[in-house]
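Some structures are shown below for you to check.
What follows is subunit A paired twice: with subunit B in the first complex and subunit C in the second.
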Partner chain A sequence: MGMAEFLISSVTVGAGGASSIDFTSIPSTYTDLRLVVSLRSGSSGTSRGLSFTLNNDAGTNYSTRYFYGYASGVTGGSTSSSTDMYSGLYGGTSYGANIFSNIEIYIPNYASSNNKSVSVDSASENTSSTNYIGFWAGYWAQTSAITGISLKGSLAFIPNSTAYLYGIKNS
Partner chain B sequence: MTDTPTKIIVDCSTGEQQIVPLTAEEIAQREADAAAFAAEQAEREAAEAAAAEAKASAQAKLAALGLTADEIAALSK
Partner chain C sequence: MADTPTKVPLATTTLGSSVASYTFSSIPSTYTDLILVAWIAPTLGTGTSIMAVKLNSDTTNYSGTGLLGTGTAVQSSRYTGLSGLPIAGYNNGSGTGNINIICHFQNYSNTTTYKTMIARADNASFQTEASVGLWRKTPEAINSIQIYNYGGVNLTAGSTFTLYGIL
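For the complex of A and B:
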């Protein structure tokens, strides 16, 4: 059985920057969702945190386990009963010029009536010792079909940051 | 970049995109989230620095005992 992937929507952040990107009215006609983002903050700091909510749910229904490697080691941790899903790091102005960070969020069976699982990989590349690469396993304790995804940065995304939402289905 | 934080809303059923200012509540939540992340990051970086310092101290003590650099490296793997 083959698999087909379709672009549902895409966003390129404009001149004003943006603090969040919300995808709404996501159709339920696919089996999985894949969200690919390229982000950079306009502020200093080695890295910034990205999180997201589903269906605008701000309840304590999100949990994650994660690990990531950086120049001098590997670390990990977890979050539970959170009001959003922590999902990676992205760089700011302390990173090399024009270097954007990559984060990919995969949500299988997003339209099912079961609680939802999420996997995330995050690469925050720099030209110095502050590189990160990390993996997140997420869980949303809600059974509703996912119709909305809201990406939230701990600091605003600069122009030319992008987000591409794909739908995947077997065909 | 504008001073007022904004969000981009994409309606996937129509493709329409809107740029709207964050509400006062959303701005407050965002600031709280950023502060929490900064605190967590500072704590993590402090722990990483302490671990690196402890490792360097241990390696110096091993060297003082007469271990070679290769022997110390082998113990660190």
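For the complex of A and C:
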């Protein structure tokens, strides 16, 4: 039997940082997509929200439900009619040195003619009590095949942030 | 050195019509772990029930613990005594939300330990969940997985199910 998962493309943020990480011309030859990112913000904030758009769609077509736990509790929320997909938390310069946050985004049936649903696991461990682990459900009310993903941070990603996009085949 | 595939698609289906359940059978015991990926199309019927799996057609010996967020609340729950392992809440009435389900079955083929499962389930119009399940039957290899709705609602036409083996 053949392999199921293939690396489509990867990005490592270079010197100067980046305000976004973009994947374009994603082929429709797979069944699912899996995007694994390791991020850190250049800002002094304790955590930053990650979001992404699909096919550069800036319409009010994104919604989510989510919850996350931190050192002293749990919280959750939702978004609707948003212009991007809220999809996790990542740390900034207040995190310990060299600490990056991990987020995994899974999109089944990304090339289908159905509206798309998204699963996100987000983890930010730190040397202090500012840390998070959470789960996001996302929905894109568009039927187009996904050909592009653009990750956007509330502040720029620093050098050595990485993103790996995998294609998964079901046969 | 030649690349060795570690994640192998074992079987996949897209439902051509609404059915009560779908079963992966004759699962080979040659892998270490299994991953089940399900995409449930917006559903028929009304009400709220849960998606579950039965292993080897067993209707007892299950327990589990879950965390979920509804958008307005975060909850945890513990269950025992059900006829299967719950893997996802199921909002039949919403009509808008696809459900993504990803289940990992660890060490599924040994005959010495109870079997454990970690699951994620997401429906952006209903809730997002993470859960762990335990199958406490006298240890045997998992050779079939039946996906069904605990409340008896059919699985919607167009839903997709794929089973992967992990070496």
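The criterion applied here is as follows: the second predicted complex is superposed on the first by the 168 of 171 C-alpha atoms of A that agree within 3 Å, B and C clash if a C-alpha of one lies under 4 Å from a C-alpha of the other, contacts with A are read in each partner's own complex, and residues count from 1 in each chain.
Note that a contact is a pair of C-beta atoms (placed from the backbone, for glycine too) under 8 Å apart; a residue touches a chain by one contact, two chains touch by 3 or more.
Not measured: the values here are computed from a predicted model.
Participant: After superposition on the shared chain, which partner residues are touched by A:67: those of subunit B (first), subunit C (second), both, or neither?
Facilitator: second
Participant: Check whether A:87 is in contact with subunit B, with subunit C, with both or with neither, and answer first, second, both or neither.
Facilitator: So A:87 meets neither subunit B nor subunit C here.
Participant: Going by the contact rule set out at the top, does A:136 touch subunit B (first), subunit C (second), both, or neither?
Facilitator: second
Participant: With the two complexes superposed on chain A, say which partner A:26 touches: subunit B (first), subunit C (second), both, or neither.
Facilitator: first
Participant: With both complexes superposed on chain A, which partner does A:75 reach: first (subunit B), second (subunit C), both or neither?
Facilitator: A:75: touches subunit B and subunit C.
Participant: Give one of first, second, both or neither to describe whether A:101 is in contact with subunit B, with subunit C, with both, or with none.
Facilitator: Touch status of A:101: no partner.
Participant: Touching A:155, do we find subunit B (first), subunit C (second), both, or neither?
Facilitator: The first partner, subunit B, only.
Participant: Take the contacts of subunit A with subunit B and those with subunit C, and give the residues found in both.
Facilitator: 75
Participant: Help me check something: in the complex, which residues belonging to subunit A touch subunit C?
Facilitator: 1-5, 31-32, 63-67, 74-78, 106, 108-109, 114-119, 121, 135-139, 169-171
Participant: Give the list of subunit B residues in touch with subunit A in this complex.
Facilitator: 1-2, 5-15, 17, 19, 22, 26, 30, 33-34, 37-38, 40-41, 44-45, 48, 51-52
Participant: Spell out the part of subunit C that touches subunit A in their complex, as residue ranges.
Facilitator: Residues in contact with subunit A: 3, 5, 7-10, 12, 37, 39, 41, 67-74, 96-100, 102, 120, 122-130, 158, 160, 162, 164.
Participant: Can you list the residues on subunit A that touch subunit B in the complex?
Facilitator: Subunit A residues touching subunit B: 8-9, 11, 13-27, 42, 45-49, 51, 70, 72-73, 75, 84, 150, 152, 154-156, 158-159, 165.
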